[in-house]
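Labels A, B, C and D are assigned to the chains in the order they are written; within every chain, residues are numbered from 1.
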Amino acid sequence: MMGKARVEAFSDGVLAIIITIMVLELKVPHDASLAGLLALWPVFLSYVLSFIYVGIYWNNHHHMLHTVHHVSGSMLWANLHLLFWLSLVPFVTGWMGENHFAALPTALYGIVLLMAAIAYFILQLTIIRAHGSDSVLHKALGRDFKGKISPLLYASAIVLAFFSQALAGAIYAGVALMWLVPDRRIEKTLAS
Amino acid sequence: MMGKARVEAFSDGVLAIIITIMVLELKVPHDASLAGLLALWPVFLSYVLSFIYVGIYWNNHHHMLHTVHHVSGSMLWANLHLLFWLSLVPFVTGWMGENHFAALPTALYGIVLLMAAIAYFILQLTIIRAHGSDSVLHKALGRDFKGKISPLLYASAIVLAFFSQALAGAIYAGVALMWLVPDRRIEKTLAS
Amino acid sequence: MMGKARVEAFSDGVLAIIITIMVLELKVPHDASLAGLLALWPVFLSYVLSFIYVGIYWNNHHHMLHTVHHVSGSMLWANLHLLFWLSLVPFVTGWMGENHFAALPTALYGIVLLMAAIAYFILQLTIIRAHGSDSVLHKALGRDFKGKISPLLYASAIVLAFFSQALAGAIYAGVALMWLVPDRRIEKTLAS
Amino acid sequence: MMGKARVEAFSDGVLAIIITIMVLELKVPHDASLAGLLALWPVFLSYVLSFIYVGIYWNNHHHMLHTVHHVSGSMLWANLHLLFWLSLVPFVTGWMGENHFAALPTALYGIVLLMAAIAYFILQLTIIRAHGSDSVLHKALGRDFKGKISPLLYASAIVLAFFSQALAGAIYAGVALMWLVPDRRIEKTLAS
């Protein structure tokens, strides 16, 4: 009954702004020295990681919304809930980067990723419920291995962050790599 | 005579930016301590409240514009007037949060909410006038209980802010909760 | 041959961001006092003025693009040229506001308005040339009184700013008021 | 199989934000003096240069996407890869401007331009591969002289930056001028 164009446009806008304001945390060094530039490496590294994560969310969101026929009020709020957690990504990215991947910021980064994953799961569920179990999305997801393993990996990285930040960081990077492959399940089901 | 696509696109853009730049007030703490993070709770709390308010406005704006057939010059300006007051939300959110819900910032937060509510009311009126009393929006609104009670509640919270900020804050949260239910009246009328 | 949808979308995006980042110049006072808030009045006043100006540009841009059938390469650059001068509005707004309407910032504000007006005029010319003298825009503009008088008024305000900032400010406000009435000429011609 | 509307909308959003947040590096001087304003000239000059570059990318992106019929997963990521390098433009613009075109920042500016050019080339290749050698884009590009000479010029400017920043800057400006002429090859092929 409602068009999905504005939901896509608004989500695109918020995601585009999130991905771009993160770069503001990459504060311009006051001198022109190589040392000043190199001191930014942890902020840059966390920027790259978060850029990929927001890119993954945009990509999967793009595919998921593609299967939606009508937008309900609960979908709008499930979508805003997802955008809320993603809007915190620039904050935790900056905190983690500026503190050179210290324990607490690294754990909080995982908490925000975990909450975003849960919010994405809720949005997925809301869409499937509205369209019935015959929906394209439902068929496309199948066992949804990636969607189920990611929260577990985030949760373990949150705990690990207090013992080995390198290991926690490796898990965040690993999950991102796993998702970099776009959701071909939906692409395939749509194509068939 | 004019399409409404650009009005929606521009409003979506402004609302998406408002909702996202508010997070910039959540300034990254300079150390990695739990104390530094917890000190941000009033800024975070006011961010959550304002995120919900802007979300509500986006949601209701989405529904209201859905009933518009042709966009007039006065509608464009009534819409810009609404966006003006909403553009002040990040400012009052930051001021209220950073001052731990002190009296004056808490009152000013209510003033901006009140002005936005009045601007929304004017936009609604402009749309109804242009489409006649048979318009979908006019039928859908009915007595418009929520639209009438909200300004009264904001006004009382503005006064109360000077005596009990907790009570004023509770009213802001209460009005938000009341509106969280999307405007099903319009959804129903459109569906029938 | 080229669709105009992306030109509108990109312009909407840039204008939405310009109008919203201006509010970032309205820096949150560090205390919760009325004095701290009132000290912001010149910044707030210049924000209101610039919000109206960007709103006017968006409005007129919306009407002008409505008459365009095909977008050429020169139109894209004429449009970017306009957006360039408008992108400087937040800078001159902040400078004028923070310096309580001092002579030089008030003059520079006028220079940016003048350059934007010239850029708008060039864009208009580019569109009319591409569509021929039978174009809707050409007919709608007629003598284009407002478009011709505005640059003259800006130019006089730039000079006046060094003698009476109040007078220069009054001219800026006056031109804005004159334009607040949307471009009904185009609306009428389109409707007929 | 996937629509390209959201890819365009998201890219427009990111490019619009990049082009607009660059102006935030143009920090408002604290006094109203001419000296304070003139001290900003290197930041302003680098802003103008980067505005033109992002404008060129938007322009060419607009033309290139125009030839795309279906969007694949690899196109989405090739596009995000391009946006990643462009998102670093505000950072290198600010660093180069604030350090008055010192050697290292001027070289880094070229590195980001080079990486963006490579990312654009990869996106072009991904689109051509998906559409076959009969594609409009493939025909339109022809020998693609500009696309091949630009990376070479950027690379030479990166090295030159350590000997003569004026020469490196002249190369950046020259490449921009060369591209200012929009991609008429695609326009012509589409028109024929």
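Note that a residue touches a chain if its C-beta (ideal position, glycine included) is under 8 Å from a C-beta of that chain, and two chains touch if they have at least 3 such contacts.
For clarity, every value in this text was computed on a predicted model and none was experimentally measured.
The chains that touch chain A as well as chain C are B, D. Homomeric contact chain A/chain D: same residue numbering on both sides for under half of the interface positions. Distance between Cα centroids is largest for the pairing of chain B with D.
Simply put, chain B must spin 90° to overlay its Cα atoms on chain C, rounded in steps of 5.
The mean-CA centres of chain C and chain D are about 26 angstrom from one another, to the nearest whole unit. Within chain C, contacts with two or more other chains are made by residues 9, 13, 16-17, 21, 24. For chain A in complex with chain D, the residues that touch the partner chain are 8-9, 12-13, 15-17, 19-21, 23-24, 26, 28-34, 37, 48, 51, 55, 58-59, 62-63, 66, 180-182, 184, 187, 190-191. Within the complex formed with chain B, the chain A residues making contact are 1-3, 6-7, 9-10, 13-14, 16-18, 21, 24-25, 73, 76-77, 80, 83-84, 87-88, 90-91, 94-95, 98-99, 102-105, 108.
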